[in-house]
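One chain, subunit A, links the two complexes that follow: it is found with subunit B in the first and with subunit C in the second.
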Partner chain A sequence: MFQEHTTAHSGVSQRMPLRIPLALLGVVLALLVLASLFIGAVSLSPRLVLDGLFSGQASSLEGTLVWQHRLPRALLAILVGLQLATAGLILQAVFRNPLADPSIVGISSGAGLAVITVLLLADLATVDVLIGDATPTMMSWLPAAALFGGLLAASLVLGLSWRTQLRPIHLVLNGIAVGSVLNALVMWVIVTWGGARTEIALIWLAGSLYGRDFQHLYMLWPWSLAGLLGTLALLKPLALLRFDDSVVISLGLRPMFWRAAAIAVAVLLAASAVAVTGPVGFVGLVTPHLARLLVGSKPHRLWIGSMLLGSMLMLCADLIGRTLISPLEIPVGALTTLLGIPIFLLLLHRQARGRF
Partner chain B sequence: MDNLLLQKRTWALPIRALWLALACLFVLSLTTAGALALGEFGIPLPVLLEALMRDDGSDAAFVIRELRMPRLLTGMLAGGALGLAGAIVQSITRNPLGEPGLLGVTSGAAFAMALCMTYFTLPTPTMLLLSTVGGITAALLTLSISLGARLNPLYLTLTGMSVNLFFAAAIIVLLICANVEANGIYYWLTGSLINRTWEHVHLLWPWVIPALLLGIIFAGKLDLLRLDDEVLVALGMRVTPWRLLFGVVAVLLAAATVAATGPITFIGLVAPHLVRFTLGANGVRHRHLLPLSALVGASLVCAADLIAKWHEVPVGILCVLLGGPVLVYLISRQEG
Partner chain C sequence: MQRLRSLLIAIPVMTVLNTGGVLAHDFPLTIVDDRNKSVEIAQLPRTVASISSFGADVLVSLGRQVDGLSILGGQQSDFLGGAAVDAVNLGEVHQTNLEVLAQLSPDLTIGLRTYTEPFEQKIEEAGAFLAFDLITLEDSLRGVERATLALGAESQGSELNERFLNDLESHIERAPGGISAVFLWHWGDVPYAFYSHHLTGHIMTRLGATNIQGNPPRGMAPADSSAISMETLLRLNPDVILSFKADDGPFVSHPAWPRLKAVRNNRAWRVGDQYVMPHGPLARQMVLKEMAYLLYPEHFPAPKDIPEPAQARAMDFER
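Showing the complex of A and B:
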């Protein structure tokens, strides 16, 4: 992950100022936010959108549309994207594994199972939480439950791969195997629970931003903040963890402590995102690799670049998903999987040939 | 495995194989009795036997002959097909993690089926043909991608799983684009034996029975295919045509099963390993392995379906719950 500090083949030359690629990414991100405000299933003229944006939510139809649907959705896409990208970056660094991703090491499936189970235990009717009608107290528990499930699943996958010293391929295979068992458990819960709400739950499981509003944003932001602050504290130790344990110790760090802390932060970021959108795969896998190509591999650059790219990816996928066949919607998670798998296979191919 | 050709002929193996076969038959007869007698509408044993003997037009006879019997037989045939296909794939790819499902065949076939179910109304044989094409395409995709890693078991499995995830996502997109009443299709996609009719039985047996016979007749070739390619060429065996033939047979079996029951995974992985484990690892010949894998597969699916019926769970979900841990165990025994 962080291993190519000085080498030139890591994409952009390290002497290039950080500002240029990051400014470019920032501009594209801003354009995407604007696009997701102006484009949608209901077509509004730019003028109406602007009117709605400045007239506040209650006053008009376009105000409601922009303020209650498009804006919170764009903001959520940004948050979720940067969280998943950061989680992927951390996991890849901790495991020295270019194939790690929250959805691959089992975090997403564990969190998904926990969320579905909480919904089931709480009250069948509150499945409306997924489309925004539930009580706030109920919803504020969801990220915590997701965190619990994600931690449990991650420790299961880690425990299973421990014997082979977390070899990349064993870790990923175990993650996918555990993930498929957890997904079967989720299907079990849904089928037992059954009824008319099955489809809502299934759409949530595909990973979607459909019907998300400010309520979800309020629910998510404290977790994002905690996770990002944690990442900030982790950046330096993470860059050192690529060395052998003895070296790390001689540098004055406790390797196991920092590894555990890093995994905890990654689970926190990924699981709380899953609690809001459902599992969205491969964003965390792809973004660090793309970011390294664009901004080089110095820890801070890489992190900021990954976050920007993650947000862009989510916004882009959401925009495509809700406009391509509108009024119907393709879930974001399905799109990121369709786009992410070819890239995953490419990485796998390179790893199989020992090019990492 | 390498001393297979030099191995002395002993009776220990056939006797153990016989015991395993008897155990499977015992499980199968118990589950048969359970599947026919239990349910929403319990049927006492004498009535059951009576109704099996002749169709006397009673309610019990109808329930058994038209509802429970086809479901049971579909389960048996599907389980047998999956066990057989798993054993074949494990041998021809020399991959202990092999299974049609793990090569992506199941989800490729499922994608083709979902495509047929949402956009076209086609007769069943055409749908079967198309789903086979889907399965073959997915398997070819997986194999060609993992050729770069010289078909290393772990990379092959990982590629197959990715192809699976890809098609699963594609199915979701498909169902949403088609905007159909998706509940039924979702339920079919979890792999279930509910509401199977004689039509499903007739869909399966013309594939399963000949494939089993073919496998037993050419079991010797499969024994040989586990040796190194150089040895085989030195022995004068044409490797590729045989591998291709058996590969197509395995894909056909898996695709037919998907068409009849929806995707049921992991049975093809577990059944051959169970046979090898019981008979003692290496020296198992395909003459024993193939029919026993089919038998074990059939028993597993029927037993799982009985539990599934009890708890109203699709059998495909139960099979994942049973098979996932086995997969994790097998992964842990692999060297990278």
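Showing the complex of A and C:
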């Protein structure tokens, strides 16, 4: 993932000062944030949006829309995007597979099964067995349950791969197997349960920022900070993990330790993001590749570019999702998939031509 | 009749218990909803939003306008006729557009707990919010009582409930029984059948029909329906099939379908969403009258007061 590219395009990118593409990406990101504040299901004039923005969380409609609906979603989109992009970047390096993303270690399916289980228990909680205010409490557990499920599934994949020194091919195969089983369980529970919360479960499984607010942001940012600091510490070892283990050892690194550490950081980043939004596909997969095209393959460039692009993709998908067919809403996960598929196909095409 | 009397006595008692002792509709008042949450209604609500057709049904029954209404499957409930045509579209019932709701800023929002629970805080930011669990007849009666209380029309609510219970009893007396039926919906290619504790299933059984899906397993009360295989459907072979969905569903292409008694006798019907959400005063009356006719066409006339798009239609099928 961190390898130097030999294409002319990448070569130009490598020579280009970092501040130019980053400044461009930063400007686009800022414009998308503004668009997220100015555009929504309810039409507001730019002046009203600015009034709302600078009046704090006032009781006016514009203050409510900006502070309680649009701003927290935009900030969450930024955090979730950069976390998923960083997780994808790390996993592609560790797995030595340009098509790896957070779902490959079972995070999405583990989180999905945990959320469906909580929803099912919330249904059962209203019968004789559990009474009182158990149900509302259980519903507030959703993000925590998703985080737990994602971490558990990833731990299972790592555990299954431990005996083989976390070799990339075994990680991939174990990840696919665990993910498939967990996905099958999710579908089995939904179909046989058929409860009244099916729609809520499906919204979550589609990946959405619907109804999210500052509470979710407060929950997520410590994970973002910890994950990004961890990534910073990993950048140099990650660049070396692309080599065979014997080469890595000769360079003074312990491959298994750094591989496990890198996967742990990626899992924390991805699982906490998925806990807030549900599974959001393709952000972790495509943004590192797009970033390489724009800013080159040097680790710090690639990382910053990936984060900016991940945030942009999430913001863009959320903006389209909540405005295109308003008052209906398209889940952000569906749109990132739609936007990501053409890029994914292009990557497959390039891979078939041996350009990775 | 004994059961009817018990219910009529029980409802006001339950209401008193659930509303913290409020008997008159003086505002402010506090109503305990099905989240076990005390909701204060500061004054007579002038702007009311409905997440699900239930709140709109209650409002229309009271001769009031609903100001904001969710949709189901991309459209408003047909059984409301044109009564809600001017209501602001709040989006799908399970994903209320929170910006539009904030703009509407209703004094009161009436919704279903199952669809709103994870996002209830955002809905409460827009105004007072009553969330109900609506599955059984008792849920319907208590829901109407509390919604009408919140709307300052408690006595009308009691009258609506009383009228329905009386109509139910009169239909029960005229229903000959000796028939079996099922109420289906489908998700993907999986058919589901409603249990007898769901109000539609309850009406079915009270009318003397055997609901082939029966009662929910013990300890699983909240589920209103569960999956049923086509083989089971063929084995139980109901006389009448009612099915809710905008399309005929996967049933019609299944080899078991043309073998079903109901299909062979042209007694498979596609029905409106009032059967799924029958808990409002309008919907339950429509379901009662139409189902009585569909089960016993020789004994009950076809109801004439159901809007045409909401009326039952014969399901298209292959023979």
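One rule holds for everything that comes next: the second predicted complex is superposed on the first by the 270 of 356 C-alpha atoms of A that agree within 3 Å, B and C clash if a C-alpha of one lies under 4 Å from a C-alpha of the other, contacts with A are read in each partner's own complex, and residues count from 1 in each chain.
Assume a residue touches a chain if its C-beta (ideal position, glycine included) is under 8 Å from a C-beta of that chain, and two chains touch if they have at least 3 such contacts.
On a predicted model such as this, the values are computed, not experimentally measured, just so you know.
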Contacts of A:L142 with subunit B and subunit C, given as first, second, both or neither: second
Touching partner for A:G40 - first (subunit B), second (subunit C), both, neither: second
Touched partner set for A:L347, first subunit B, second subunit C, both or neither: neither
Which superposed partner A:T164 touches (first subunit B, second subunit C, both, neither): first
First, second, both or neither for A:L293, with subunit B first and subunit C second: neither
First, second, both or neither for A:L328, with subunit B first and subunit C second: both
Which superposed partner A:Y210 touches (first subunit B, second subunit C, both, neither): second
Partner chain(s) touched by A:Q68 [first = subunit B, second = subunit C, both, neither]: second
Subunit B versus subunit C as contact partner of A:L185, first or second or both or neither: first
Set of subunit A residues, in rising order, touched by both subunit B and subunit C: 191-192, 198-199, 328-329
Touching residues (chain side subunit A, partner subunit B) in the complex: 160, 163-164, 167, 169-170, 172-174, 176-178, 180-181, 183-185, 187-188, 191-192, 198-199, 202, 206, 281, 325, 328-331, 333-335, 337-338, 341, 344-345, 348-349, 352-353
Residue ranges of subunit B in contact with subunit A within the complex: 145-146, 148-149, 152, 154-155, 157-159, 161-163, 165-166, 168-170, 172-173, 176-177, 179, 182-183, 186-187, 190, 265, 311-314, 317, 320-321, 324-325, 327-328, 331-332, 334, 336
In the complex, subunit A residues that touch subunit C: 40-42, 61, 64-65, 68-70, 122-124, 126-129, 132-133, 135-136, 139, 142, 191-200, 203, 210-211, 213, 322, 326-329
Residues of subunit C touching subunit A in the complex: 35-36, 74, 89-95, 97-100, 102-103, 105, 114-115, 117-119, 121-122, 125, 133, 187-188, 190, 192, 219-227
